[in-house]
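To keep things simple, chains are lettered A, B, C, D and E as they appear, and every chain counts its residues starting from 1.
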Amino acid sequence: MRTTHVSKWLLALMFFMFLVLAACGNGSGDAIYSIEDFSENASTEGEAIDGGTLNYGLVTDTTFEGTLNYNFYSGSFDNEIIKWFDESLLSVDKNHKYTQDGAATFEVSEDHRTFTFTIRDHVNWHDGEPVKAEDWAYAIEVIGHPDYDGPRYDSSFRNIEGMEEYHNGEVDSISGLEVVDAKTLKITYIEGTPSLLAGGIWPYALPKHIFEDIPVADMSASDAVRKNPIGFGPFKVEGIVPGESVSMTANEDYWQGPPKLDGVTVKVVNPQTIVQALKSGDVDTVDSFPTDQYADVETELTNVEFLGTVDMSYSYIGFKLGTWDKKAQEVKPNPDAKMADVNLRRAMWYAVDNEAVAKQFYNGLRWNANTLIPPSHPDYHDSSIEAPTYDPEKAKQILDEAGYLDTNNDGMRENPDGEELIINFASMSGGGDIAEPLTNYYIQAWKEVGLNVQLLDGRLIELNSFYDKIGQNGDDAPEVDMYQGAWSVATDVDPSSLYGRQAIFNFSRYASEENDRLLEEGTSEKAFDPEYRKKVYSEWQQLMVDKIPVFPTLYRSKLVPINKRVVNYSIGADFMGLHEVGVTQEKTFKAE
Amino acid sequence: MAILEVKDLKIYFPIKAGLLNRTVDHIKAVDGVSFQIEQGKTYGLVGESGSGKSTIGRGIIGLEKITSGKVYFNGVDITSKNGKEIRKNLQMIFQDPYSSLNPRKRILDIIAEPLRNFERLTKKEEIKRIEELLELVGLSKESMMKYPHQFSGGQRQRIGIARAIALKPKLIIADEPVSALDVSVQAQVLNFMQDIQKELGLTYLFISHDLGIVKHFCDEISIMYKGRYVEQGTKEEIFNHPQHIYTKRLLSAIPDMNPSNRDKQFRIRKKVQQEFDQRYHDYFDSEGLAYSLKPISETHLVALQEDVQKVR
Amino acid sequence: MWKFIVRRLVITFPQLILLSVLIFLLAQAMPGDALTGLVDPNIDPATIDEQREKLGLNKPWYEKYIEWVGGVFQGDLGQSFRYKIPVTDLIEERIVNTFWLSVATLIFTYMIAVPLGMISGRYNDTILDSSITGYTYIGFATPLFIFALVMLWIFGYHLQWFPTGGSVAPELKPGTLEYVLSRIQHLLLPALSIALIQTVSTVQYLRSEIVDTKQKDFIITARAKGASESRVYNRHILRNSLLPIAAFFGYEITTLITGTIFIEQIFSFPGMGQLFIESVLQRDFSVVNAVVLLFGAAAIVGALLSDIILSIVDPRIRIK
Amino acid sequence: MTRVYGLSRDLDLWGDLMELGKKETQSQQNTENNPTGLKILWSELRRDKLALFSLILLIVIVVFVYGISFVMNQDEIAKVDLFSIHKPPSKEFILGTDYGGRDVFGQLIIGTRNSLSIGFLVTFLSGVIGVAFGLVAGYFGGHIDNILMRVLDFFQVLPFIMLVIVFVSIVPNYTIIAFSLIFTAFSWMGVARLIRSKALQEKELDYVQASKTLGTSHFKIIFREVMPNISSLIIVTMTLNLASNIGLESGLSFLGFGFPESTPSLGTLLSYATNPQTLEHRWWIWFPAAVMILVLMLAVRNVGEALRRATDARQRRG
Amino acid sequence: MSNKLLEIKNLKTSFYINDGYYAAVDDVTLTVNKNEILGIVGESGSGKSALAFSVMGLHTRAKMEGNIFFNGKDIVNVSKSELNKMRGNEMAMIFQDPLTALNPLMEIGAQISETFILHRPTMTRRERKDRVIELLKMVGIPRPEYVFSQFPHELSGGMRQRVMIAIAIANQPKLLIADEPTTALDVTIQAQILDLIRELKATIESGVILITHDLGVVAEMADRVAVVYAGQIVEIANVYTLFKKPLHPYTRSLLHSVPADGQDKLHVIHGIVPSLKHLPREGCRFAHRIPWMDASDHEENPILHEVEPGHYVRCTCYKNFSLQEDESKEA
């Protein structure tokens, strides 16, 4: 009797699961899209009602850290929260360059070294105190303080006059920082470079009247950051459930005018349930949407509109061409490296079909990359540069000519000296389901042209080990010949932190005089001329395509779904109209 | 000469308590026992459960650690170390015929175990020896390939005996060999044990709680109570002239097989109980233990207080 | 009694120390550290190195261990790198959630197990028993995470009976009734998901325990006294069968730890399990150490609890 | 029993098997007709239709899976095909393809094989360690037992799954063997505890005492006398452990600490379902694996339960 | 005839084993009179306990045929609740192993009180306690107030059995069944318990069924004796008659296998008690254990013959039976 019952149960369970499956229906999944099809701005027309609350989802399977201050945060989710209640004093344009539309305006001196900022009137902290020049200066002092524990202190701070001395504790104040009057701040830099204008200036203030009494070391853990954070943005923090959600109400005193919404609720949404959350109208929008799910849900999510923009990142494949010289703190190229022959590298580029990868794996929402400056920097990305594209015959030809021949007839090419050539390829795990087949695809593609590429360790390497191996501490693992990675790029186009001679992140360990020269010119005085700067970086992009220390594989798009009740929303880099965002009805639209 | 001599044997079990398992006290399972067994005799050791009678047997053969005292076998001290020779000459029969044979082994392997441990025999010799042994205990040759569960309790006990006598030992410790058996089977095993005793010239240390059987089986008997001897003597002395109150109690507790005696028996019990209540301290010390043995005749020893003895 | 508990605690001490060394070494052996992930062109590598030095990440492990243990004794579990707050504060935030989740799960587990086990054991080899046994079989065979996903899918999204993530609705103020209700509402689905799967072992255990007890001699005694069937079950069988279940109560804690790791991940429930997984991934060592140590301590306490419960409910080993 | 990684696994095995151990002794003493353990097991299996069916099913699966994966071209299965990504089941691909354009059926076969291998290996290794540990502790008792039990206690309270997760993130090159070893290190305690309690009872039995008086060495007594007598218990434990061990790996894969993605296993296939789109729209990738796990676990458990009933005389069906 | 307390007629109790029902108690007819001790003797597996359980209705899965008249009422087919009213009240039982027969988790007092709760619902808590303590005194337990709140494991074997007896006699039953009450006890304790049972019997004037394998116990205790072999009664007689003049071969063999004075060799019964499944279902069940006797000496369908008033024997084989030596060789 038990017999029949158990099997009946099993059958019933299977039946039930099938029902669930059937109820879910079938998505299409085969369509090909293009980033061109998407707009950065929500297209919903119509009158926003007075009030309403926007639900903003943070897509993560963990929590947000809750370091809710621009000066201390390190996780990107915190950033997504802070942006609703605090903002940069400086506005930016599409190329991430500072403009004069923000809460502060600025003037640059002749030598491009001294900046004078004036904070507008009516720019007030949430507690009513005006945002003052000393608040701004205070932010910089705190970050430069020896006890500061955040990740912000970098070369752009060291570029401020007197900062090193202050940071080392030799002096008590920063000479390059001058509070002229309540609303005017003057900052003097050691070197005036065009990078300053694209993210090189710290544009966030820290309310001194609140933080004054807190030791710098304790600031990031303080209640002023974690429990009662304030800013001068369009919304005020009302309540925080640590790690889970933040609710905010409108800041009627906002300098650009009172927001249309009554408030915003930011909450964590699990990536596994994101589609359902959108469908049911649980959230209006999210900070980011996994692009590989788009094709499946496009038709299903009738209640949302997808906004799209080019992501500030690219995927690439790098070759190890040298090592890191720890003493000199610079790259030490090795002309005898296994991958030293540029022809080998070029052939490998030719051998892979990134277009097919983009279309098949990503439905066109990633696309074939040609240079190391992605189109997220529209002024500098040079789309005219012709980079190798899929051409296996050409790859074979290049290899043949370069002397990589199959001398022992095992189907795999040997190196020009006739020795067996095994190339070890390190690849990182993460990046969803596609990382693994993608890696395997590359290996297969190289095998097609006769190159014996082996996956290092036989598996995708977990992030921490991966970066350890490819040398983020300067200890390059000798077994790595090439690797696959991705960079998100800085707001400033200058790539020297990734490809410069002194950059430890220059994992390919490529350096040449030409490269040094171009990178230097890109940040020189002359480069304040946009045309000149553009030309320099075009040349640099070309140089990289010729020398191929790394080759870019895919550019990425960023998709953001937004409920159709939301108006005036945008995901553009220059968007500063959060207070304009409104909803057309109290309730969210649900998908039919 | 005595084949086995036990001198002031003490076997204490630690009582562990607490989590650190420290020894907090001892159970004096055997507390200063001395006796000797003559070759070819059957020595009965009687007591109720927990009296320590089995512990003595197990101590002699090395299954329990001896706390102090000495055990001599044929004049050789075997207290702590059991040499091969002694092992061969000293064997044991266990109480439970069901658990004393490994259920997963054939009779062949069971009986061959001591042979394999002590004698290097060829397969053929081994089989021959086992056949002989089986015949001796009255089982057929075919039994060899069977498993213990295919035999009755009495038969199993005889297999256990075959194993014990395989090495031709001189002394066999029989620890309640029939108490797990039905009456009818008991008889079978007891008869058989008597037979092989004659045949092989065995000496038995016969441990039992059943006075009826001991009376039937043993030449010399000692009575144990709480780890000590209370009385020791020949069968005749113990059954006909018990001296210690405990012995008397034991004897009076045995049901009489004649229904006509029941009232007499009842009266005797009452009387013994009276004596027990009245003269308790003549027989037991302040801890409720027996005094040390005092000889009252050449073979008869009783645990009595000095002065009581004089009174008598 | 107190002496027993104290002594029992004394022997857990070396266990904890051994555990802490083990955990610490393991954490140290993990490739990378909290700063490895910060490979970002926006962040200066020099800054990272400076921070590493400041955080003492470059010291040898034993120095770090001694420092850490020294801290632990003073109730200082170090600073979470990622959250920039003391680990104790972080855990304080999370442990409340996990605690209530565990409590809810335990309540459900026993609410399901006791009646089902009783029925199954009392009416063994009937159709009712077979259905319950069938359920336990399926429960054993179904991986918790798949089951939880399906539950979330059906009751969270399709039916929308329960919230799909978090521990409380964002806009509510602590202390209000709505807040408490919302917390309970958030707990129900995850707790039920664990309980429905996890309870099967208890159901089975209780069943076999009852089937066993049923055949004990003292049950015959009870019948011979003239006790009715229901009295026999309620007064004799159930009481005696629940004893081992009660004794395993403490060990359930360990099971719960496992359950919460999965469930918190699936239901985006910010508790200790989730904290653990993310801390491992982020190499937030101080948090990893603290969480494992805490869970290890919880398991040890659980074992202790089991011993104590057993010693209280079972007169045979009652400690005086 | 995927969910049971820590003690609860011990709870159900250890708990009722401990009971069972007790019973078995009794039944051995009480039943006069006591055929050898394996025979009982087999006769009980034969009587229990479901268990017999489960056993046959298991054998078929094992033979099929190992057989096919032997002849199958594994490179072919692992080959990424950009142009057949996410194909639903068809004539060409019986169970469709995954997001790498690879044949799911082939992966299911290899995955099942890998998962089974893990299960077998872990069960075997932890069985060997547990049995040896338990026998030695139980047989010698006293101080040896005391020390060994402290060791066991320590292992038992370790937050098993957490340590495995930490371990897995340490081991750089992590293969089936490495995985099994890590797992074994934390999963032998249940067996050991059970066997110990059984050995403690067993050593009190007269046949062990008899062997001692007959001059047999401890080693021989432990492994030649005692072990065969608890073999049925060992078999039952191992069978039930097998079910849980097969389930273990899928749970870890789900959390991302299981097998590398490039090594197909039931767990990795199942973990694809954590992608909601896969769960909803591409059932063919994960559903067969889910069914396979369910079938394997149920089958193994059925067999195990039947065996357990066999060792428990009072539950025996005949 | 009013003296008859219990009358069992052609009782057959069968158990389902593997493929069919096998009778553990087969065609048993006997009576127990008021104020009388009936001894039932037999070896293990002879079905004597099964008989006791049948009378108490304690078998849960057995098939019972025949009649058991208790005080003139047939209790084979009474309802459960009616049976419950009688059990522990009009009839009670003492079990072999007092340790397992007591609930380990209940205080002694509570376990005895339970019989009052069940059968004397009007008693107050106070009264119950007083009565329990009285009972404990009666069965010879020292310090009854203290024992009242103790647990079974804290008592010695003899004390436990006294508690069991206290439970059994709590409601002064008319019939007391003692199933091997002293087997688990040492001989001195056994004597005490037996004396106790005898004394109590006299006070409460009940009929007692004393089940045992020990012939000595029967000799000391019983008024009449029934010898059971393989589920059947082979001989019933007055205790004096039975021990003086046993008739059935089994009875005689049994008596002779017990060591007695001046016996050199003990008598051995050939063979073993057959197990339930392998019982000879026809003819004299003891036949195969007397191989030296002719088959023709046995009856085909042996029934109990009354050879003298009150002395019954099954099978006529006793007429030709003589004790013989064991031939040892078996298997």
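One rule holds for everything that comes next: a contact is a pair of C-beta atoms (placed from the backbone, for glycine too) under 8 Å apart; a residue touches a chain by one contact, two chains touch by 3 or more.
Just so it is clear, the structure is predicted and the values come from calculations on it, not from any experiment.
Chain pair with the larger contact count among B-E and C-D is C-D, by C-beta pairs in contact. Relative to subunit B, the most remote chain by averaged C-alpha coordinates is A. With centres set at the average Cα position, the gap from subunit C to subunit D is 23 Å. Computed from the mean C-alpha positions, the centre of subunit C lies at a distance of 54 Å from the centre of subunit E. Measuring from the averaged C-alpha position of subunit A to that of subunit D gives a distance of 45 Å. The centroid of the Cα atoms in subunit D and the matching centroid in subunit E are 50 Å apart. Listed for subunit C are residues 11, 30-31, 137-138, 149, 153, 265, 277, each touching two or more other chains.
With touch defined as above, residues shared between interfaces to two or more other chains in subunit A number as follows: 2, 6, 10, 13, 17, 272-273, 276, 462, 465.
Residue positions of subunit B touching 2 or more other chains: 152-153. Across the complex, subunit C meets subunit E through its residues 216-218, 220-229, 231, 235-236, 239-240, 243, 313-316. By the touch criterion given at the top, residues 48-49, 138-140, 142-143, 151-155, 182-188, 190-192, 194, 209-213, 215-217, 249-250, 252-260, 262, 265-266, 269 of subunit B touch subunit E in their complex. Residue ranges of subunit D in contact with subunit C, taken from their complex: 1-8, 10-12, 15-16, 19, 150, 153-154, 156-163, 165-167, 169-170, 172, 243, 247, 250-251, 254-255, 270, 273-274, 279, 290, 293-294, 297-298, 301-302, 314-315. The residues of subunit A lying in touch with subunit C in their complex are 1-2, 5-6, 8-10, 13, 17, 20, 23, 61-63, 65-67, 72, 74-75, 149-155, 199, 220-221, 226, 238-239, 241-247, 265, 267-270, 272-273, 276-277, 279-280, 282, 462-465, 467-468, 472, 487-491, 495, 497-498, 503-505. Those residues of subunit B that touch subunit D in the shared complex are 21, 58, 61-63, 84, 87, 90-92, 94-96, 98-105, 113-114, 117-118, 147-149, 152-153, 160, 163.
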